[in-house]
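Lettered A, B, C, D, E, F, G and H in written order, each chain numbered from 1.
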Amino acid sequence: MQSEVMFAGFGGQGILLIAKVLAHAAMEAGFEVVWIPSYGPEMRGGTAYCMVVISDRPIGSPIIRNPGHLVAMNRPSLEKFAPVVKPGGVVLINSSLIPVRSGRSDVDECLVPANDLAMEVGNVRAANIVALAAFVSRSRILDYDLVREAVREEFAAKAKLIPLNMEAMERGRQAALAT
Amino acid sequence: MAKGKTFKRPEALRDCPTHYCPGCTHGVIHRLVAEVIDELGVRGRTVGIAPVGCAVLAYNYFNCDFQEAAHGRAPAMATGIKRVRPDLMVFTYQGDGDLASIGMGEIVHAANRGEKFTTIFVNNAIYGMTGGQMAPTTMPGQRTSTSPFGRDAAQVGMPIRVAELLASLQTPAYIARQTVIKPKYIARARKAIHKAFSYQLANRCFSLVEIVSTCPTNWGMTPLDAVEWTEKTLLAYYPPGEIKTPEAAEER
Amino acid sequence: MAYLHTIDRERCKGCGLCVAVCPKDVLELDREANTKGYFPAHQARPQDCIFCAMCGVMCPDVAIRIEEVQDESAA
Amino acid sequence: MGKILMKGNEAIGEAAIRAGCTNYFAYPITPQSEVAEYLARRLPEVGGVFLQGESEVAVSYMIFGASACGERVFTTSSSPGISLMSEGISYIAAAQCPAVFVNIMRGGPGLGGILPSQGDYFQATKGGGHGDYRLLVLAPASVQEAAEMVMQAFSLAEKYRNPVMILGDGLIGQMMEPVAFPEHLATPPVNKDDWATNGMANRGSQRPNLVKTLYLDPEQLNAHNLTLRAKYQRMRQEEVRFEPYNTEVDYQVLIVSFGTMSRVCRTAIDNLKAQGREVAMIRPQTLFPYPEAAVREAAAKASCRVVLSVEMNMGQMVEDVERSVRGQRPVEWFGKCGGEVPTPEEVMEAVRGLLAR
Amino acid sequence: MGKILMKGNEAIGEAAIRAGCTNYFAYPITPQSEVAEYLARRLPEVGGVFLQGESEVAVSYMIFGASACGERVFTTSSSPGISLMSEGISYIAAAQCPAVFVNIMRGGPGLGGILPSQGDYFQATKGGGHGDYRLLVLAPASVQEAAEMVMQAFSLAEKYRNPVMILGDGLIGQMMEPVAFPEHLATPPVNKDDWATNGMANRGSQRPNLVKTLYLDPEQLNAHNLTLRAKYQRMRQEEVRFEPYNTEVDYQVLIVSFGTMSRVCRTAIDNLKAQGREVAMIRPQTLFPYPEAAVREAAAKASCRVVLSVEMNMGQMVEDVERSVRGQRPVEWFGKCGGEVPTPEEVMEAVRGLLAR
Amino acid sequence: MAKGKTFKRPEALRDCPTHYCPGCTHGVIHRLVAEVIDELGVRGRTVGIAPVGCAVLAYNYFNCDFQEAAHGRAPAMATGIKRVRPDLMVFTYQGDGDLASIGMGEIVHAANRGEKFTTIFVNNAIYGMTGGQMAPTTMPGQRTSTSPFGRDAAQVGMPIRVAELLASLQTPAYIARQTVIKPKYIARARKAIHKAFSYQLANRCFSLVEIVSTCPTNWGMTPLDAVEWTEKTLLAYYPPGEIKTPEAAEER
Amino acid sequence: MQSEVMFAGFGGQGILLIAKVLAHAAMEAGFEVVWIPSYGPEMRGGTAYCMVVISDRPIGSPIIRNPGHLVAMNRPSLEKFAPVVKPGGVVLINSSLIPVRSGRSDVDECLVPANDLAMEVGNVRAANIVALAAFVSRSRILDYDLVREAVREEFAAKAKLIPLNMEAMERGRQAALAT
Amino acid sequence: MAYLHTIDRERCKGCGLCVAVCPKDVLELDREANTKGYFPAHQARPQDCIFCAMCGVMCPDVAIRIEEVQDESAA
């Protein structure tokens, strides 16, 4: 079994980080995993995408045209990737910033106001963690606790951010299960 | 009624957004060069040379013929053009990694041969485009991705003052240093560029204007902090002014 | 003779350099982002503007334009 | 041997250290600058040497100098940077100095782009520099393999006193995968007292060592070249490495593909199998020496109708495939370049196209 | 059209002027420095541009700049110097600028020697620089042919908007032969207003021209590479040139050889004929595009038992011969390098050796 | 009884004939370097780097470990050695074509990084080995095979004074210029080389001694005329002396 | 018919020049011709060789192991090349500087004191011209007058040297025919 | 104590630099060439030599050697 998650948003939203956390958790769970950033031109800004492929067998092509799932943190990302998600996948929409929907009826669309929830726990920059937790809870792609551990490890060096991020995760999880 | 001024985009600059980061002064420098080209009325015979660096896409912003050089080689390309087509007005636009590191040989020799082109040398004390590596112009103690503990002058030497280095050559040249972090400096930078192009048009000498510029992104600063750091730290080491004029060189 | 001061909201990257250099403290950054996600500058106190063009000279993105216009009072 | 999730570029840097090489000289260029950034932090921890050179030309000679005095040393760069090292690489090969060059290829020619490519196959395998020399060229297809090949590269370089090149595409550098650093690949450097310029007194010798490439007497130069040639022949005998895939079945098409591209092909092969079409693959792990015999034999299988070289370039390795196949089967090429990595679907399409003919 | 007795190097300089190219940038290196020395005197007479650059790296970009603004321009160098131009050549090819590079090869690798060699065959034909590009490569076998090829090179470069390389060995540069400069080869430069950066006003245009090689969008870069590829395919169709020798008879051995080496082979073939042994030769005059079909067809002749690639190197063109022959006949190599030009006797010996097997 | 001196070949110089032309002062410079190596007792940890130029075969004459660089790249090779083996004593021996033309980037950066090796820079105002082409150091009006009508400074600039150029950098260094055309100068040159090596051995700074040398063959002069021309013409433009010392640089 | 002449001596003896004059004359006479210097290392001094090949058909190999004739201007040259001259060829020996003989009985050995004769006409540097004239007269490889014309042309720019060289030729011719 | 001054005839290239720098005009070039064709230097007036070593210091080919020898008169 192989699943692929496309994380997408704009630079500064922490896309690469949550993708890495997921990949890390998957590795710890014993899966094969690949994390592929779409590294753009040698300059700043613009969009940031990152694909994570998780599999129980050695992973072939790291290039995936149709990902299993999508975590869309801003509108252009949703518009770009929603059409190519495989039927049955989770499409997580950061509804704080995205006023539209995927337009797909064959996917599991999950609306989470990630920025708002992050603001509520005290820092809008945790929106990515909210979204990650929401996505994992909804897709059950990995064991939720494992991902929580991976987040904790990611912030090991900045320990005082951990409580905030744990709170953000919780909000994300609840939001995903609520909708 | 206030006696105000009009202000608009010069013709030599295309009406399109740039890819530069917010507050990056590359944009100001572009505009100044374009204004001078307009003023001198030479757009129809100007060839610019884009470097490899953040300004690699300069050709998308200027409204005149352009070539794109390899990293550091703009002075050699400019030499090639001016030697076979002395009627063209040629300028290179180069960053500090481009000109002072990999391109050191080319700029020294072009300056020393007295090639009749103009170099706009944008010194932001770092490699912008590739993500903030140390440049030969990086300040002692400055943290970059390849000097994560700060530039250690005992290990890698002091920053190179390109303008002074080139001015030490015997061949006559116009060499000036300015910055564009505030309007008062901008006016002087514009004058220096005007002078540099004029020397070229008079077929007089090689000319180079070093412009101390900012890289808020890779310095990890806000645009305003970047302005302040430039003024305090960079300008102290890279003082603005005319470093060499052909007249002075000829008097010696 | 009068002047018209315009800032292109979409071209502006919200760097704030114009705000800092305005001698009359005319400019401020928006709270609303433009479509690129930047918070562009605008004339918060246009009546104080002396059309000195400092802001335009400073703007790295040539987002500011100052035009001469037919002065209505003079018309 | 725990696994670490690492970017290819970082794994390459770490692998060198684990292999016992703590000397690194390089010049920044996308998409491999993270190697330098990683090592700028990491090498001081192990008392190693990190230096950003002023240019790739200079870096190639820093490598030459360090290697000639007997130390393990390596550099990383990307396509245009490697071109600038051509002269230096020719010198290092001529002087028979061991050294490791990593090329994380980007789209070319010229400034090109910064996305993955395999456009430097010719340059790496046929010698971008002048004269008769060869690099031993290793082509990893994963971060793990990149790390292992970097580790092996130092011993191979010393075994043959020849530069070794790791030829990866941008994805190898940019993607993260779990990686483990096998301890058995950490070999101690061999004694180089018989040739390295490490100071006569330091090796207790009265005879100066000399590292040079000039042979003014044509007979000597010819002899020198014959020595090099013998070494390359020995590599052909001892170092050929490749990975067969799905070669046990009766396949109609044989794909030859290396690096990241081969992973795409693997997926395409799996998918085609699911559709009832059998396709096999030979994945060269050494590009020089080239697995000629393996390709020839696989192509010769009775069921095989056609050979397809799949590359992220405009058709370079296909020439070696043609040479290997010796006209037994038609040889075709499929590829894209400059960051456009062909997808499994496109490869499948290309295979179906061949079978439809 | 009187003949003049001239050194190859001087004839090359004169040929460029006669062809309408009066712009020359170069850096001294044996065995071709006489080109510069000749032109330093001669170009001022015709109002041309002579400049000694500070290095071969710089020279390659002077060529790029001059060519990009629409002027005919050329340079000459020798092996290590050409390596230093690799990056520049890749850029020029990528930017589709016409320019002529002359490589008077010397022994390599490294500093090597200064005597004749053909050790840069791979570099010239497979692209010493990075990325997918090709040079049109012409290989003269006499001073007369060198002059003619230089003259033709400028029109070919303009026809394809691609750099052309003249690949000669040290003897081509150093020997004197009678030479005539055919007037019909003096073509006027084509109009380049549609792309050259010669100043908008000068061409009466409002649209700036742009000479660049960066394509950040992978689709565009791929498309750009397909454009280049199409051009190289067209060269393969239109520009292949070769000279057959003694192919009318029933030969047992087919020699493939180019440049000065082919003249040695011609003498060997004549001598062998006198001894009652028939050997034929295909002499490629273009090394890219390679005369694959000619070699294949000649090898296929029923009488032919074996194909022998004779080169002043350690075996480079032999790979193209192998590709061309497609396994129909065994392909062997004979050569020497680094100034050791094989003699007719040695070639004869090699041929006899093959026939004795 | 006269109080005379003994004189013999230094140990660091092999007892074999050189390929240099009669009267070429490359030979004198070789001997001085060898003498200083002997005197400092460092032959067993010395690595010399031969250039591409007439001195390419220097490795046949010195009696210590040697590497041969590509044209102009000796400073990069020396950097490679010293960084990984700081215990070795490393010197490059480079001509003016090698160092000042193709190798300009390398020498400027090695000097600026303050690499702890020594460069013996042999300036004979011409490319000797390749048959007398113009060098960046060729004098105005000097005829060479690529400046057959004499170097035209208006076209190709003034000769480069390498020592002064490098001395203009901020990083501390020892930089001196001497000549060896007469015994009195030879003594000073020897002292400068001694000092340069000593700074290196003390791990103090980069050091370079420029030695104005002759090329009777390509100048088309007898050895004695070459000496005279050097003294009159070259030394006037390239005055001997200490151009920079690390002590002075640190005081600034 | 093809003939090859090896000219050999040390640097400064004008070896390349007389070889060029012969090649030039041959070209004027309508022959195919190649002049091949042995260009040595990038430094001065030592020996100078030059081969001239003259033929009525396009010339194949410019690399000749056994030349038809030899003009040896100093002793090492004679020792090096005399053994490889084809039987029947002319071996011209500058007896002013060479005290030995070729040791071949199957060649036409011709002793000419070229330096002495040149000294007699006023300049030892004309020894090469003496030798050339002697060689041409003895070998009849080309029409003597044609070669004389070629010498005249060679010195066209330094016309005042022509009489001396004409005189040198005459001495060479006589010496060759006398022995 | 006495000194022995020797010039290696075969190593000498006859450049004449030693001749020019000798303060006592001791040296001259030979009229006979050595086997390489050079006209080597020799001490034409050895009695004038003060063993100052100037010639040795100048010689680019290290063809000159000055040794201390057992002074016969002192023996």
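One rule holds in what follows: a residue touches a chain if its C-beta (ideal position, glycine included) is under 8 Å from a C-beta of that chain, and two chains touch if they have at least 3 such contacts.
A quick note: this is a predicted structure, and the numbers were derived from the prediction, not measured.
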item	value
Chain F reached from chain C - shortest hop count over touching chains	2
Pair of chains joined by the greatest number of C-beta pairs in contact	D-E
Rounded Å distance, chain A centre to chain H centre (Cα mean)	88
Distance from chain F to chain E - Cα centre to Cα centre, in angstrom	38
Euclidean distance of C-alpha centroids - chain B vs chain F, Å	34
Centroid spacing, where centroids are CA-atom means, of chain E and chain H in whole angstrom	55
Touching two or more other chains - residues of chain G	41-42
Per-residue multi-chain contacts in chain D, two or more chains	30, 51, 54-55, 57, 80, 87, 91, 95, 110-111, 114-115, 212-214, 216
Touching two or more other chains - residue numbers and ranges from chain B	20-21, 56, 68, 70, 101-102, 104-106, 109, 129-131, 136, 156
Sites on chain B touched by chain F in the complex	101-106, 108-109, 112-114, 136, 153-161, 164-165, 168-171
Complex contact set, residues of chain D against chain E	57, 79-80, 82-84, 86-87, 90-91, 93-95, 105, 107-115, 117, 119-120, 122-123, 126-133, 212-222, 224-226, 228-229, 313-316, 319, 322-323, 325-328, 336-340
Residue ranges of chain B in contact with chain E within the complex	43-47, 49-50, 56-57, 59, 62-70, 73, 76-81, 83-85, 87-88, 105-106, 109
List of chain G residues in touch with chain E within their complex	20, 23-24, 27, 32-37, 39, 41-42, 59-63, 65
Residues of chain H touching chain F in the complex	1-3, 10-11, 13-17, 20-21, 38, 50-54, 56-62, 64-68, 71
